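Each of the next two complexes has chain A plus one more chain, namely chain B in the first and chain C in the second.
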Partner chain A sequence: MAAATSSYIPLAQRNLWTDIQPIPQDDGPNPVVPIMYSEEYRDAMDYFRAVAAAEERSERALELTETVIRLNPAHYTVWQYRMATLLELKKDLKEELQLMNEFAVQNLKSYQVWHHRLLLLTHISPKDPSSEVEYIHQSLLPDPKNYHTWAYLHWLYSHFYTLGRISEKHWQDETQWCEEMLGMDGRNNSAWGWRWYLRVARPEAQNGKDALKHELSYALKAIHLIPHNVSAWNYLRGLLRHFKLPLSPLLPAILPYTIRPSATVPEPSGDFDFPLPSSPLPDDTPLPVPFALEYFGDALLEQNQNMEAGEVFGQLSTQYDKMRAGYWEFRRRDCVEE
Partner chain B sequence: MTDTAPAQHTFKRNGHINYFLRCLKALPTAAQSSDSNRITAAFFCISALDLLGALYDKTSEEQRTGWIDWIWSLQAPIGGFRGSTYMTTNNDRTSPAHLPSTYTALLTLAILRAPLDQLNIPGLISFLKSCQAEDGSFSPIPGDNVYPNEGFQSDVRMVYCASVISDIIADVSGINMDRSKVFVHSCKTWEGAYASRPGLIEAQGGTTYCSIATLSVLEKSKSFIGVKETLRWLISRQIGGFQGRPGKLQDVCYSFWCGGAISILGYTNLIDRDADKSFLLSAQFPLGGFGKEPEDYPDPFHSYLALAALSLNHSNSKEAGLGLKDLNVMWNVSEDSARWLKQEINRIKRSQ
Partner chain C sequence: MPTFAPSIYTLPSTPLPSNSHPTATLYEQLDTESVISSLFTVLSPPSDATSISTDSDNVPTTLRKNEHTQFLASTFFKLPGKFVSLDASRPWLVFWSVHSLDILGVALDQNTKDRVVSTLLKFLSPQGGFAGGPSNSQLPHLLPTYASVCSLAITGNSGSGGGWEELKKSRQAIYDFFMDCKNPDGGFVVCKGGEVDVRGTYCLLVVATLLDIITPELIYNVDKFISSCQTYEGGFACSQFSFPSSSSISSTSTNNAEIDTDKSFVRASMAEAHGGYTSCSLNSHFLLSSIPLPNTPKFPEPIDAYAALRWSVLQQGEAIEGGGFRGRSNKLVDGCYSWWVGGTIPICEELVKRQKKSRSDSRSQGNKSRIQAVVESEEGEQTEKEEDWIDEIPSPPLFNRVALQEFTLIAAQQEAGGSGGLRDKPGKRPDQYHTCNNLSGLSIAQHQMRHSTSIVSSNKEKFDTSKGLPAVKTRSTRGGWSSEEERQNARKEIWANALGWVEDENAEMVVGGKENRVNTTTPVFNILGLRLKPFINYFYCQDEST
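On to the complex of A and B.
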């Protein structure tokens, strides 16, 4: 019966540790939220306390930190001790990175795992970070919205850019990879954010007229592909806000989504040079699209047609986006009471 | 057909009280990953009992005094609080004070009405200084040449903790406010809400709450730039309960993070409260506590934040009748504990 748990050999019975006097945890007479530690964790921590108290930097100390962080990947003190020991023993940090490759898969949500990795890459400082980028791309496949992984990818590019090690080719490849991610899932908000970085926010991003038009068209095409895609609408609005552009000029591409299927789609003027939705719209698109109504309302407001804008927000409140009825009513009143 | 009405749509007040009392006695092995942050788990439980108005009925004076002693044992000799007793050593280098733990330790002491004469305020201020990075952010533990202040974890969550601690002790000399404000402002994304660090690609409910609360504390005003876009993003996260990002599932903690940010901005009345409440109540575990979504096992974090959200959005509505105390949304503790804490800080400052 007890075989499963008793297979653990306490450190006290291992030759490597006989010279160490373990330090048990002193939780005082009134511990709050005590944790029912596993035997293995308690044992490892008893020895870790002793090792840390003596500030021992050794192979066995490294092994011990690995044991603890496998049992508790959020243990910041142990991670810090491990990093200090690795540096002091002048260990091969590429080997540590290999270990982390295995580790990260099981602990994608631990801040400490990513912080450790960031420090490793800072120390290793490869001439070309491509293989690390490739590793991160791979780890996003099973979990394509992991906040930490994306944050790390952003750090990687920012850090190696300041070291002058990101070439134009890197940026192009990354943009292409990002488009593939959006191709797999057009609703992946993280991938949209990554596109924003690559196309708008990163150093040396092309912010000229042509580049901007390209981005606006990209967002509109994405909307035409999935009309209820919140990320694509936010991206479009984000571009217009960032570059201080009016909403109204794009209305011909938006208005078809604001009306009921039976109504007629207004013809855009001849010089309108942005992607238009298919006409008629696909039957499986529920209409109107609330994001389009909101856009229309804001465009009317921008042209000082406050009453008309208020009417649009009123429709959102009473009919088309009832979850946000309070918010749309607030917007409606804001229009008509000014 | 009324026989299908699910039982968990009533508020399981006694179940919750018992859940938090159980956690205070012992957490399961699965909670081992909270070992270095036990004070925060303790805060969730004790603050929950406070919001439920059950702390003084359901715990003895002796218990509370014991808890207070345990928390004081976490105060580091040079200032700030450690996350738990896991190191059992007074070596500050291998057992440093921890910023989020310092924030939750202070609030928990206040909830327990512990006299704060032992609080090392000058040490606390120098601890904050030792955590601040050049860019205005804060690291969870003091930086050194191995673990610099700048890094993956130095984000708006930490700036929030440092700002609230400074607000609590009514002394902002531990933080470079201008740098922190610039840091938080530059976390704003293309979506109009806030990411965890500057330039990061995607806003999130928790980091948006931390940013809005920090700016309100530091700027002493709610009229910072672009509030309308932030409000729009926050309101759009409601899909019954709230999601943390577009395209993600709802999770009870975001009813607090998003609802709390909306409340700080002064727009609680724009939330669909019925839908939010219904989602929160459906995530109650039959034996008390809340999971992150219905059918999930409870944990102290989600259980506390679900209660905080209920207190925030529903304590005033007559028909709700949940009997929860009002919440101080900036500090995330009951209003009466926050009031007591302000007076206590005044008292010890006068006597020092």
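On to the complex of A and C.
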């Protein structure tokens, strides 16, 4: 019935494959979760099994793997076989990379496509990875939070750094690109994560006093631009925790976001040297901002003002972030039970 | 008494403030808020307490168990061709289905169970480990190995053809496969030539725990790999990169938290924090924490449990997005994170509790004796219940268990009278993966699970070290336990901790009435306790009665 409408020519009828005895899938009798494969997929897999069993490394084996991968890009076994075959046949891996450029567009969420790319870059091992970086930047434009792509970018810089092929200019350009991404969407948490790598986590990241102050200011400016942006708050808190810095010195930049009927906010003193909130605050910025209250509570706690801190967490629990009432109550008890 | 888990219907339905700075993230967020909140206004509250309405239209939302069962059954024996994209994940199709049915309380007939077992055994590779499909087609892979082993725990048995015996015979081969996957920095490739990430670590550790094949060489550096995946946000990334320690790297960053105490690597996390990877990482860390490694007192490498807890609870969406969990900061809520994030909160809670205790212990050190409650029973036997003083203090629920159930019932269920199944969010098609993860998260929201020190202690007393399967042959001559005593102690701890989860029955919280109640899944493993126990006992050769 289906065969009548199908234009598919089985491999058995093609000259290239006449010497191969296909091996069917061994599912056993009455399997569960059987898939009603298309004729093309079943046929390709039957021949793949035969080719793989004979460990045949050939052009036709490569073609076969491409057929399967196009039908099922998550077929890790076939990907593995393809890579091993490419290497054994000493194929031009740049050509393969071209093919992957086409693949990635349709299969951005496939683990295997990205891993194959990683292996290709490892083997091609360009002197300068700039063109690969450029490709990754381009592919993030339509899909700016693709997890695989960002993880790959982390790997790319890390790997080529260990080979000594990332120059200071590379790092600077990358930081600038990352800032452009954050300029387009300051809420893109993936880009924030990338900034963390560039500015803090990578080996030889600048973490002297000036660099750190620059970073804290960057985070504060981002908060002032979008006060309800969890990404900016987490970045700021991450910096302070990572470098074991106290929260209190930055309070003048935070307290304006904690305004509520129960408390007044002191004026910042003249020598405060970090960015302050815009005045007036951006429209549609209801106060208090829960992240700011949390920050305030933690700052009080670090000054051993446990009761006051507990009160702030209590307010989060009962009034300002009731979705997390239980968590804030836990924080409150943690303060007052000490 | 204030409620620490308020219903969506009692909370203000306010959108994420724009701060008059709209970006792509904000637009996507607002779209999702509108799609979900419109459902909440159409459908009545599932909470029976608030809706004592006589209006016949106002039917409380129920968990449509029959529809979901039908949905799972419709694909279990035959899948249309488009499922070819999951042809290398068939053990997962099995696991998502059989575990979902287990949570729903639907029993499989013996014939179907037998078919599951014989299908899965076809996936078991002679080289050890399970493949994503028949082993004559596919290579063994860590992820299908977890899915297959857990599915066998659910559907198999110790009798002939029940699958457990075959697993028992494969322990050495599975161990060898695991060692083949191991990298020196503590990561594991998911399969030959495959990628390295914490999904593989998690799947491997669950299986190694269940089959009693953990050795020092298998877990060497794994704790460091996991802890360096923790990001500045508190959640965990997919992987980490180990920079070989060289002169160019070492000097500049001595106060860098990502730096390993093991001087051979400088490690950095490889992306932003993510719910799925956070679940895998925290569960892995938790499993490692029960293994006594005599020569490594600081094992496992610590993680920041408070930061992990904070990150996790912050992923719970606001009322306007139904109280579901998102998987990353500033991304959209999705029902699959009910398990990935919600399901990990009991782990965070336990780890925070331990961190707190070690803090208070070190404070009171030298001061007085440790706090111990000695409970004397009538019969005169004494049971030390160390640390139960902490167990006893009722803590507030750390995430909004009511809201998550409302999200599941209202936003994640496919519309009544449709195909059944659960989904990412309204407008998305239901599938087996989302059905399983939504239901697993729902189970965590309904049932308060905690890891009990006293149960672990009594498990340890019950453990019979004279019984067990042969120790696996290690890869390196010094890779095993240094003495039989050490090995037995490790087996005891691992087994006792795996069975240390207990439900606080008084804290059960079922939204929408009793008929919505689902079975209790076990944190870390994600199978029911009644599946876990006989299965792990089989491999540790402990009596059914324990």
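Keep this in mind: the second predicted complex is superposed on the first by the 325 of 338 C-alpha atoms of A that agree within 3 Å, B and C clash if a C-alpha of one lies under 4 Å from a C-alpha of the other, contacts with A are read in each partner's own complex, and residues count from 1 in each chain.
Here is the rule we go by: a residue touches a chain if its C-beta (ideal position, glycine included) is under 8 Å from a C-beta of that chain, and two chains touch if they have at least 3 such contacts.
Predicted model, so just to flag it, every value in this text is computed and none were measured.
Colleague: Quick check on the superposition: with chain A as the shared anchor, is it clash or fit for chain B versus chain C?
Modeller: Overlaying the two complexes on chain A (C-alpha atoms) leaves chain C and chain B clashing.
Colleague: Quick check for you: in the superposed arrangement, does A:F274 touch first (chain B), second (chain C), both or neither?
Modeller: Touch partners of A:F274: none, neither chain B nor chain C.
Colleague: Of the two partners chain B and chain C, indicate the one touching more residues belonging to chain A.
Modeller: Touching more residues of chain A than the other partner does is C.
Colleague: Applying the document's definition of touch, where does A:V32 land relative to chain B and chain C: first, second, both, or neither?
Modeller: The answer is both, since A:V32 touches chain B and chain C.
Colleague: For A:Y135, is the partner it touches chain B (first), chain C (second), both, or none of the two (neither)?
Modeller: neither
Colleague: Touch check for A:P73: first (chain B), second (chain C), both, or neither?
Modeller: Both: A:P73 reaches chain B and chain C.
Colleague: Determine, under the contact definition given at the top, whether A:Y197 touches first (chain B), second (chain C), both, or neither.
Modeller: So A:Y197 meets both chain B and chain C here.
Colleague: Of the two partner chains, chain B (first) and chain C (second), which one does A:T318 touch, if any: first, second, both, or neither?
Modeller: After superposing on A, A:T318 lies in contact with chain C but is clear of chain B.
Colleague: Tell me which partner A:W177 touches in the superposition: chain B (first), chain C (second), both or neither.
Modeller: In the superposition, A:W177 touches no partner, neither chain B nor chain C.
Colleague: If you stack the two complexes on chain A, which partner ends up touching A:D283: first (chain B), second (chain C), both, or neither?
Modeller: It touches chain C, and chain B stays clear.
Colleague: Quick one: which of 24-32, 384-392 or 510-518 on chain C sits on top of chain B after the fit?
Modeller: The one stretch of chain C in steric conflict with chain B is 510-518.
Colleague: Considering only the contact definition stated at the top, list the common interface residues of chain A for chain B and chain C.
Modeller: 23, 25-38, 41, 45, 49, 71-77, 80, 83-84, 111, 114-115, 118-119, 145, 147, 150-151, 154-155, 158, 187-190, 193, 196-197, 200-201, 230-231, 234-235, 238-239, 241-242, 323-327, 330
Colleague: Taking the touch rule as given, give the residues of chain A at its contact with chain C in the complex, in rising order.
Modeller: Those in contact with chain C are residues 23, 25-38, 41, 45, 48-49, 71-77, 79-80, 83-84, 111, 114-115, 118-119, 144-145, 147, 150-151, 154-155, 158-159, 161-162, 164, 184-190, 192-193, 196-197, 200-205, 207, 225-231, 234-235, 237-239, 241-244, 282-286, 317-318, 322-327, 329-330, 333-334.
Colleague: Can you name the residues of chain A that touch chain B in the complex?
Modeller: Within the complex, chain A contacts chain B at residues 23-38, 41, 45, 49, 52-53, 55, 71-77, 80-81, 83-84, 87, 111-112, 114-115, 118-119, 145, 147-148, 150-152, 154-155, 158, 187-190, 193-194, 196-197, 200-201, 230-231, 234-235, 238-239, 241-242, 323-327, 330.
Colleague: Contact residues on chain C for chain A in the complex?
Modeller: 2-6, 11, 14, 16-21, 23-26, 75-81, 83-90, 93-94, 97, 112, 115-116, 118-119, 121-122, 131-139, 141, 190-195, 231-234, 237-239, 241, 243-244, 248-249, 252-253, 255-258, 266, 268-274, 304, 307, 309-311, 313-314, 316-319, 323, 328-331, 356, 395-400, 403
Colleague: Which residues, counting only chain B, touch chain A once they are in their complex?
Modeller: 23-29, 31-39, 41-42, 45-46, 63, 65-67, 69-71, 73, 85-89, 91, 93-96, 98, 140-141, 146-147, 151-153, 189-192, 196-197, 199-202, 204, 229, 231-233, 235-236, 238-240, 245-248, 267, 269-272, 275, 300
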